[in-house]
Amino acid sequence: MNLLLKEIRHNPLLWLLVFVPAVFAGRELKPDAHTLLFALSVLAIVPLAALLSHATESVAAKTGDAVGGLLNATLGNLTELVIALTALHAGQYMLVKASIAGAIVTNTLFMLGGSFLLGGLKHHVQEFNRGSARMQAGLLFLATVALLIPSAVSGSDSTAGAAFIEELSVGLAVLLIVVYGMGMLFSLKTHRELFASAQAGEAGEAPWPVGLALATLAGVTVLVALVSEVFVESVQEAAVAFGMTPAFVGFIVVALVGGAAEMAAAFSGARKNRLDLSVGIALGSASQIALFVAPVLVLLSYVIGPTPMSLQFWPGAVVMMLIATMTAALVTNSGRSAWFVGVLVLAVYLVFATTLYLMPPRLQ
Amino acid sequence: MNLLLKEIRHNPLLWLLVFVPAVFAGRELKPDAHTLLFALSVLAIVPLAALLSHATESVAAKTGDAVGGLLNATLGNLTELVIALTALHAGQYMLVKASIAGAIVTNTLFMLGGSFLLGGLKHHVQEFNRGSARMQAGLLFLATVALLIPSAVSGSDSTAGAAFIEELSVGLAVLLIVVYGMGMLFSLKTHRELFASAQAGEAGEAPWPVGLALATLAGVTVLVALVSEVFVESVQEAAVAFGMTPAFVGFIVVALVGGAAEMAAAFSGARKNRLDLSVGIALGSASQIALFVAPVLVLLSYVIGPTPMSLQFWPGAVVMMLIATMTAALVTNSGRSAWFVGVLVLAVYLVFATTLYLMPPRLQ
Amino acid sequence: MNLLLKEIRHNPLLWLLVFVPAVFAGRELKPDAHTLLFALSVLAIVPLAALLSHATESVAAKTGDAVGGLLNATLGNLTELVIALTALHAGQYMLVKASIAGAIVTNTLFMLGGSFLLGGLKHHVQEFNRGSARMQAGLLFLATVALLIPSAVSGSDSTAGAAFIEELSVGLAVLLIVVYGMGMLFSLKTHRELFASAQAGEAGEAPWPVGLALATLAGVTVLVALVSEVFVESVQEAAVAFGMTPAFVGFIVVALVGGAAEMAAAFSGARKNRLDLSVGIALGSASQIALFVAPVLVLLSYVIGPTPMSLQFWPGAVVMMLIATMTAALVTNSGRSAWFVGVLVLAVYLVFATTLYLMPPRLQ
């Protein structure tokens, strides 16, 4: 416990934890102040995500490589998963889908572009292992394609064949989870040396004792779930108040909030000229959303959602996901980067964000 | 003749030749048992394709490099061509187009993915010549793009401009065949050294004497044509009986049946750690469909078809062909592979197959 | 002035300057001979573009690297810009957009393919710096994507959200120009060594004295503007007379005419086995259209156009631009080329040109 307090004292990001009680207090005192509740819950999720991330790594460090890697790979996007589950439970499928698509786009464009820019401002030209970057970009492309086929095939004709789309979504969800399982076998067992540098790098901070780590993991997950509930309840009204479209909130705000901890790790890796680490976090995290988080949500919608959720996205989201993965493949292809590459990747992200911000809701 | 019998005795695949007379017997005795006739004709085409392939290689081996290469390049997809011609003659244009698109997708995804998986299960990491793989993936991409433009440009508006699409299809067919001719000049004459390894490798089995090879080539082509007729007649009803959509049959079943011989060669190359050979067969065969088989069918539709056939595909097929060629470009880019790369490529193929299997016919 | 005359005597391309007075004479004497005026103005623009290009380089050579590079980068597509401005002023937005899309497609496909083919006919296999080619292809891809988002997102639904598209176009135009400015900082200041070979190479001819160069720059720009006016006025009727669609004229004819000088430089570099130069000119010029010319035209449409112009292109143009940039990325990826690669790239261009030539106007 002392250790936890010490960590909090030294990490300014964790000072934001003060907003966690503030969220619950706010909900009791001013249940209708949606904008305030939205802002408080955003500020509260960021430090909780950072704690979750550190706790996961600590457990992973103690349990040995194979189980640890498994834990890291499964719980790495726990924050995104908990937020999406809360939205799923509330039946807000548009928000769920926007947050899936947004997490893929934000991880590939914002996290990768930011890493290239921040690293490039400090180092003239940065080299990274293009072999493993290419393999990871390939995996991400294939994972995204599998996710996109239902939307691509049904096309504009969204009313036709609802039963077909539902059946197809379940089939593909099962397929994606099987592929995800094989991918873990691959990266943790048969070919772990290909992914070695990225994993070794993540253990930058001193790990906690396993008891504290497990307790933190459990406690913080509950807190994230509780805060997410406030977040999901208030997000729609807050969006209206801020003049933001629902698509913008799901795509940009939720994705940035949920991925804050990983972004901090990726950016810090880039500043230390360890771009392999940054590329691994960004592309690995995006693949995990496509191969694990998205299909799990589809399957769970049959259990906890009011109606089944499909894998069908609106066409604009499909275009953005495809472009994001193609961009990742292109910019990691040469194995070296400079600040302007980061600017361009961020520019594509800004183009998407601007489009979503301005887009009238009926087009979405 | 003795040699032929000896070959048959040693190659279990050729034992399936017993189904060739069975097809003709079945057609006489039970002309309405479509499901049976369909199954018999599928089983009969597989060994015939293997014989065709061996006969072509034997003739090629005897006639010297340039003519031999020409023969190999032209007759390599003879089975697919004969099946498609039979369907063309019967006016089943949907089946013809599905089999063109399916052959491109199956060769790039199933043949390439299967090679990566089977090779990777035996060898930890496999390296291949990424220079020539990239060039071949580039050619395939450009060939596919040329094939797709009529569909992409006319878009959803399929009723408008039928005359335009027809005129455009003929123009592009001529252009593609000219490019195909130049490609042969390139790979067989001016730059043969770039493609050397793949061609040398294919002569794995002992060649036949040229007389036997030519007789086999002629006789087996006639047999394939006759069996194809039964296949095309029975495929629609059999599809209904098996609960398969016409798109699934054309895309998946016809393509797997027609390409069985090449798949056997590609997979066997991968097991022997000769991935250059597998990549060359898979991408070369797909390019040949796009640059030669497809335009020849368009032009021949004016001679043997009831009405002219265009190069316009349904949008889902366009998406699948584009994704297949982009996948090929991505996974061959790094010049090395492991079993999980194969799993992912096969997963994309499975996604397509599942989609086509479940898709209600009116969406196609 | 003597120098100018000497240059004209030695450069057969400049003999076409005789068509400049012919255009003005023709306009006075036969104002309704649109086909004649169109042909004369095309023939007159080609040598003027060559003069502009040489004058820009001469000024650039005198003013030192940074300012010179800036001038070269800004005025490199001056001809295209002046023609587009004339069309913008006349309210011919379809022609403006077609010429933007056409310049990107023509520079990437025709200029790159022609360089590969012409170079490959002389040299067996040509190598070029694949590192910088990949970076440039990446920049071009991202620039094009930013340009395409408004069309991709609004999709087929072109009547909905006109205000949204307009607002978005202005926002993206500003963003693109900011990125363009950063790109110049990158290529001219912080990372000039990455682009060194291409710039050094362009100073092939002896530069003019700065006074002559500046006077030529000013005088020829005015002449281009005047001739462009005749061109834009006559192009529609001439298109009808030649049986060409407006899309074909904008996409193919205007782009070939406006880029003639750069093409001559790129092709000559390829013949001298300096493919780095050709690739740099082709991809750099296409990026400049997307990042600078297009957004400047959108912003200027508020000042000199009858109504605001958006960044929304018809879907066929979007597909063509995307395919062109993907093609550029693919063929420059391996860092080597041979004549057949050029044939294939030119074949894609021919496919586009054939499609646009045959396409009935109502589909555009």
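Every chain is named by a letter (A, B and C) in the order it is written, and numbering of its residues begins at 1.
In this section, a contact is a pair of C-beta atoms (placed from the backbone, for glycine too) under 8 Å apart; a residue touches a chain by one contact, two chains touch by 3 or more.
Quick caveat, the model's predicted, so the values are computed rather than measured.
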| query | What is the shape of the graph in which nodes denote protein chains and edges denote touching chain pairs (line, ring, star, complete, other)? | reply | complete
| Shared interface numbers for chain A and chain C above half of all numbers used, same, or below, different? | different
| field | Separation of mean Cα positions, chain C and chain A [Å, integer] | value | 40
| query | Of all the residues in chain C, which ones touch at least 2 other chains? | reply | 156, 333
| field | Touching residues on chain C, where the partner in the complex is chain A | value | 130-131, 134-135, 137-139, 141-143, 145-146, 149-150, 152-157, 160-161, 164, 167-168, 171-172, 175-176, 179, 182-183, 186, 190-191, 194, 329, 333
| Once bound in the complex, which stretches of chain B touch chain A? | 124-125, 156, 315-316, 319, 323, 326-327, 330-331, 333-334, 336, 338-341, 343-345, 347-348, 350-352, 354-355, 358-360, 362-363
